[in-house]
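The next block holds one structure in the form of structure tokens; read it before the comments.
The chains carry the letters A, B, C, D and E, assigned in the order they are written, with residues numbered from 1 in each.
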Amino acid sequence: MIKIKFPKLKTLDNVKLHLDALVVGAKEAIKPGTITIEYPRERRLLPDSFRGYVLFSPENCISCFQCSFVCPANAIGMKLAANNRYYPTIDYTKCIFCHFCVDSCPGAALRPTKVHDVVYKNMNEMITSTEEMVKPPKIVREDGYTVEYVIDGVKLILRRIKEKDNLIPEFKPHEKVKEYSACVMPESCLACGICVSSCPSEAINLSVKEKEKELKIDKERCTGCGICVKECPVQILSLVRE
Amino acid sequence: MAITLEWSVKIPDRAIEEKYWLNLKKKVIDAGLCSHCSTCALICPVDGIISADREIDFPDWEEKCVDCSACVRVCPRYDYTPLCDIGEYIELTAARSKRFKGQDGAMATEFMASALEMGLIDRALFVGRDEEWRTNIYHIRSVDQLKDTRLTGTKYSFASVLPEIKKAMKTSKLGIGVVGTPCMVSGIRKLQSEFSLFREKIKLVCGLFCTENFYHHQLYEFLKEKGVDFSKLIKTDITKGKFIATMTDSVVSFPVKELNDIIPHGCEVCIDFTAVESDFSVGSVGSNVGYSTVVVRGEVAKDVLDFIRENNYADFGKVIPEVIEKLSNLKKKRKKNIPEEFRSRIQEEVKPEESKESKESREKESEKEKTEKPKEQEGTKEG
Amino acid sequence: MTEKELLLDVPVQPPTELFLPIPKKFLEEAYQGDDYLVLVGPQHPGSGHMRIIVRIKGDIIVEAIPDPGYVHRSIEKLAENRLYIQNIPLLERPAIMDTGNLTLGYVRAIESALDIEIPERAKYIRTVLAELSRIGTHLYDAGILAVFMGHTTGFMWPFALREPIVEAITRMSGARITASFVIPGGIRRDVPWNVLEFIRKTTFVIERRLKSFEKIFIRNPTVIARLKGVGVLSKEDAIKFGVVGPFLRASGVEYDVRKVEPYEAYEMLNWDIPVSDDGDSYSRFLVRVEEIAQSISIIRQAVNELRAMPEGNVISEDILADYSNASSDIRGYFFKVFGNLILPQGEYTALTEASRGTLLYSIISDGESNVPYRVRAVTPGWYYLKGFMEALRGERVADLQAIYGSFGYFPPEADR
Amino acid sequence: MSENVEFLGSGIFAPFKKWGTKWSLWPVHLVTACCGVELAHAYASGYDGERLGSLNYGIARQTNLIIVEGAISRKMARVLKITYEQMPDPKFVVVMGACGLKGGLFWNGYHMVRPSDVVPVDFFIPGCPPTPESLLRSIRALQEKIMSGKAETTISFDKVDLSEIEGRSSAARPPTTPKFIAPTPSIKVDVPKDVDWEFGKKLVKEFEKDLNGLYNSITITAKNRIAISAEKKNIMAIANILSKRFDHVKNVNVIDLPHENSFIVEYQVSSYSDKKLMPVVVNIYARIPRDNPRFPSLVTFWPSADYLEREMYDLFGVWFEGNPAMGERFLLAPDTPDFPLRKDRKLKEEEYCFCEVRE
Amino acid sequence: MVDLGLLGLTMQHFIDNMVSIPLIQPLIDYLLGIPVIGFVVAIILWRPMFALLIFPGLATLMTVLLFIIWFERKLTARIQWRRGPLEVLRWAEGIIQALADGLRYFFQEVIVHRDAHRPYFLQFPILIFIPVLLPLLFIPVGNIVGIRTPYALPITVAIVSLIPVFIVAIGWASNSRFAYIGTVREAFMYFAYEIPFILAVVSMILVYGTADMVTIVEKQSIPGIILNPIAALVFFISTVMATSRLPFEIPEADQEIAFGPFVEYSGIMFGLVMTIAYEKMYILSLLMSVLFLGGGNGPTIPLLGDLSAVIWMFIKTMVVMVALSFLRSIYARIRLDQALRISWTAMLQISLLAVAIGVVLNLANVV
């Protein structure tokens, strides 16, 4: 335990403290340690893992709804696109940029960017539909320099590089694991067809014979999104690893 | 656990060329056979079939029903094989629980509590009631939750117990115990025969002696006319042909016959008094006051009974089988309401001639019993 | 806004319709006596987002009644209908500058419920993040204390020193302030070596600039005059009114959750807790300054330990179950692993030492739903609000701001 | 505000008015929520808002810009309205942070208000908290709006046609919510756990000796955690005995069990003075009926429980007899629905799918 | 030639007492030739009018006001590791920031809230300019002086001490709770610094033996600060208190009582009220350079004639103002009772010591 004790000050120490303060002030006035980034003209170099606006690549998306489920602010809604698939749309009025969606997307369809300094004039412009999330957005930029925090020894140096920072970092997707859904207890199946109608990639098909119904899961088409496993009323489907 | 990518499911043939729900509606509900056991509400994948305080219904079935035939496969009354008499059993005793107090011996509660303790099941479904005695279902997971008085005691109105099984199955690991009327028990047995998942999950099924059940709103208005104040009502009972509603300050009683006009159709065609297909059935008929008659049928129920005996959670007593037979024959009189094609399927239980000495010994006991207090019960008793 | 409400006059009789949480008789009493009722309101430049109703006789405060709740965002009600992992950003919002400690508390409650042991590297990185946010919060409160006493340099320098810390947290987690980096079982992704090296070097920058900050603010005679012997809270009062954290240690009680119930890597590192006896505003401030020095030494030791450790495994195996390939970066498997997290039945209480004091999370789960039944979060601000109000009693009105700043009272954290 | 911008743009002095206001947008010191951290960073040495002439000033009368930092609760809405009315005329409002737009993380909270319903807003900044750079971008955008007279969003997207990606023949059935809430859960606060904690076992024996007959059960629920269940009537007696060894309260908690028609009220106490008892947290709890919840207040033994009890009255409606300031609203605004934390007060549910293509 | 016969003033009267600037003498002669403009130029360059309009007077006051507000923000920013006002005029480091603020105030709505005493609320900020600007009349620069009287110093001090009365009136007129507390604090501070301030001036009068500023300046072969440094220190500290600058920013403590007496002002009224403190600082630093730094004395620059005294005086005043605004970034605000204790105990004793030194120097009539 460190005992904190502050001695009673006599007038002489008081004057010394006054002088210390004035000397420090004067020293800073002459040789200041300015660390200001002049934003409109300069921009701070952000790490590639910065959590800014989110980009979307539709071909990797398996519309598994996981980004919409995980969003703490319910900012992601899955919208029915023209090709009858559900794609995420981000409502930036509610988005808190926690990137749980980027971390949950099994198909690595959502990518982070370094775009963050954006301002809107009204709120309904902030709901970006899926079509708008594919191409990198164009923002108003007035910066000529990029400032990087560099420390050597005890000095903090703001190194100014005279080029515009590329706001779209290259993104290496995580290594995916092939999973497909299979039935664990076929004799309890109701043949209700809910898994057939909720499978986003139409991997399960139901054929009706005269006295019985045939169900078949196409291992290649199944993307392992897990919706059928979740929706099955009797919970008899489960995801199986390759 | 065979993991397959292709499998087939047998489906029953259609009575009418319409969606299976319409088949069910026409052949069972409109035909007056529906006993409101709500097994179809349990199995419906889109939770469309509603089991509430009115007839079973599927509101917007045109676009919600996926025509999967599950409801038709599980309905016990679809091709109805009526059951009657006591059916074979391992043991027939009367008992009274020491830990709980219920309608009579509170043996259904006792059985479920000891099953929970044995670790046979981890979830028991009980019928509780709110202020207006409307039924709602409680998921009981521990013994001390059963102390709540609103759970025990008979509620003479329909309770949609089976849809709650669907919710309980999601998270119950060991198994589920259910208490229900004979029609519910036959619904569960039909369900288990069709889908193996329910065989594993539903471990213990308790049947109740039941003559008939009522829709809550009909019973509620009927009793209101009789002057029953539901806020002060503490117990309802049918003994000696009389319906007795005891309240904190007064008692209202009237002969059961008057209830005949509000008996639903489903109960008029039912002749199963002692829940023949249950693991064990409980009722107040045939045992003296404060005791419940327990008919142990399944092996599982036998182990639970032995468990109760070891820890002597209950004390046991005499049972008079004739009284039970008398009542089940009384209920068999309803055979005439069953439609033609089903009546042929009833297997009467041929009474084996009794060996002489067992008969006298039984008559002696019955006189002794009669001298104490003549008793003749009717109606659904929940021990 | 009805016309009457905007009438800011000085009435003779007490206002009839008033939305203050004080009983009517208190008002009449104040108006009949020669006391003066001052509302140090939420918009007042000298108070945070709350109103303090101060009853003063002449220049001496007779009684101070708080009117919190201006930033009450119903965190506990929202936490009851979100998944367990969706609560991590939610429970970090009361004090976003203290992101490491607040998320740590909630996540440790989950881990104590699931009985999982997190890998060694995750423990050290969590300690570094917690200590970084501790330094950040102490600097934030020093800045606010300075602005309350009119010392603009005292406001600007701590926020300048916060910039390298915020840069460190950005490189570590991706977000400047709200990192939401701690997840049940470890942290979201492994921190590469150059970022850890940057963090270690940041501590040297901060230490050097703190020396000149000490001369211009901490040892400044006017600051000493304003803080010495003001808002004294004796040891018995501090315990009686439930004060926590550095403000409890400043009144002489040697209590720090990191020492009493050690968690993460605090056991394996050697550091010490500063305690002072005189309990006035200045000792509260000095205790926090000494804690910055302790946190700096903790970070340096932790980064040295981390240098020796193999990179990679930062999420515990038993929570990943069959997605064990995601043990160095949760990307791609976050919802698959945590989507259906269910805690066993019971109540799990976890205590953590946030920078402003003891932080209590108690999660009650019914063992079946993947949504907590009840999450009770009591933040340090809510503990020492009572002690703060009692410390104001008998002080001068002009000192209200100095005591407010010395307590580092942050209403969003207190109101939750 | 459109008429503000018109006022600045009209008349022969227009260029001076615009130039003067452009380079002197002083935000008022109205700290509303936790985004204040990033506002402070924007005006501190890191980014220095004063470069653009914008000085963080203290009083509403002398400023012309309000930066609403984050969440506005019902109580703060009145203050925001009064501050806005106090400001002299050409005034602008910038809302900062997701909480200020549509409630962000607290979108379905019962205490939240949208600033755009209280005051007319010029610019909205996404982010939680938005970075200082986006805050200075909003000052720049406001300056452009003043000079050019019309507001411009600083981001533009270009659309992409999705139809050629191979999709489904017909729309799939959207999945249901991932949240599963057990219908009638059973809540046990004292689930025993065998943990090797010698001191705890000794402590439990001491409690059994001291409180003989007063308690229902004493269980060790985890290391350093003991739960004592008791009846409401002898809570005061237990508190009296325990307050000799434990000197402060760490938590007053109420758990609502609507299906069992009861509340569990918990007091978690610990001790600062006794070194060995420091890590121990003892949880004393009792059940009380739900319709007229009254509970003896333990303020006399532990004054530190005062505000915790008043908060529990505010949120649950449990009346703590003996607490001096019981009954008044403490945390909640007068117009909030009362006792909001009870389970039967439902919040708006999440919505995962805009199934029909909207707007 | 307009003949103001009735006042008996002819242009000649002005030309006799004209500022002599050899550098631009031919230009002035040419301008005097033009009938009307000549007369105006003559009046402007007439020494007393020059003192009023140009040097210590209006023109310099306006430029100094603009400069010092910008310089203070720039200096504090520099000490606080940041850049301060910049983008207004990027190449000149934002020097016209105060102009932008002033323009914004000018066009902002002036709110007079319902309970303020409307006439006084609007008049006092304008009336306060009388005590603030009047002393400029008596401050000499070389031989340029408004009115030369032997009682110049007491009059200046008397007028300067009138300012707090007006500030109290402003606070009373705005009838708001915080303004009320602000005015009470202003009154307290007024008692605090007035006595040491006057004693310091008296000690300097004793040192120089005369109260006429012109003779004081002439007598200062050795600058006053060396003669009586203690009086200089007391004068400096009481200037800090008078202009309520940190560490004595108690009346307008914007964190505690929201900008004191001026809390209700907005728009141009606030512009005027905000500049009072700066103008008072300008006057007192002029007075300090006259009394202690030998205002106007200094090696004469050949071609400028009278202007060299003006330049020296300007430099010395700027030095004092820079010193005053340097304190803003160093100190925190001390409490009112601490300020009173400092002024009534320490400052009073030091100022009595200064008077004693003054008496000694007077007897030894050093100067």
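Simple rule for what comes next: contacts are C-beta pairs under 8 Å (C-beta built on N, C-alpha and C of every residue); 3 or more make two chains touch, one makes a residue touch a chain.
Just so it is clear, the structure is predicted and the values come from calculations on it, not from any experiment.
Comparing the chain pairs B-D and A-C, the larger number of C-beta pairs in contact belongs to A-C.
When each chain is reduced to the mean of its CA atoms, the one lying nearest the mean of all protein CA atoms is D.
Greatest centre-to-centre distance from chain E is found for B, with centres as Cα means. Annotation: 51 Å between the Cα-based centres of chain D and chain E. In terms of their C-alpha centroids, the spacing between chain A and chain D amounts to 23 Å. Chain C and chain D, compared by their mean Cα positions, are separated by 14 Å. The mean-CA centres of chain C and chain E are about 47 angstrom from one another, to the nearest whole unit.
Within chain E, residues 79-83, 86-87, 254-255, 258, 329-331 each touch two or more of the remaining chains. Under the contact definition stated at the top, the residues of chain D that touch 2 or more other chains are 44-46, 48, 51-52, 58-59, 105, 128, 131, 178, 180, 182, 186, 188. Shared interface positions of chain B, defined as residues touching 2 or more other chains, are 170-171.
Interface residues of chain A facing chain C in the complex, by the touch rule stated above, are 1-6, 9, 14, 17-18, 20-21, 23-25, 27-28, 33, 35, 46-47, 49-51, 66-67, 69-72, 96-100, 102-106, 108, 112, 149, 151-156, 173-177, 226, 241. Across the interface of their complex, chain A is touched by residues 75, 78-79, 81-83, 86-87, 326, 329-331 of chain E. Within the complex formed with chain E, the residues of chain C that make contact are 7-10, 38, 44-46, 59, 146-154, 156-157, 160, 216-217, 220, 222-223, 225-226, 396-401.
Residue ranges on chain A touching chain B, taken from their complex, read 182-194, 197, 209, 211-217, 219, 233-236, 238, 240.
Put simply, chain C touches chain D in their complex at residues 1, 6, 19, 21-23, 41-43, 45, 48-49, 68-78, 81-83, 89-90, 93-97, 112, 140, 143, 155-157, 159-160, 162-163, 166, 176-178, 239-242, 248, 253, 255, 260-261, 339-340, 344-349, 351, 358, 360, 362, 364, 366-371, 373-374, 376, 378, 382-383, 385-386, 412, 415.
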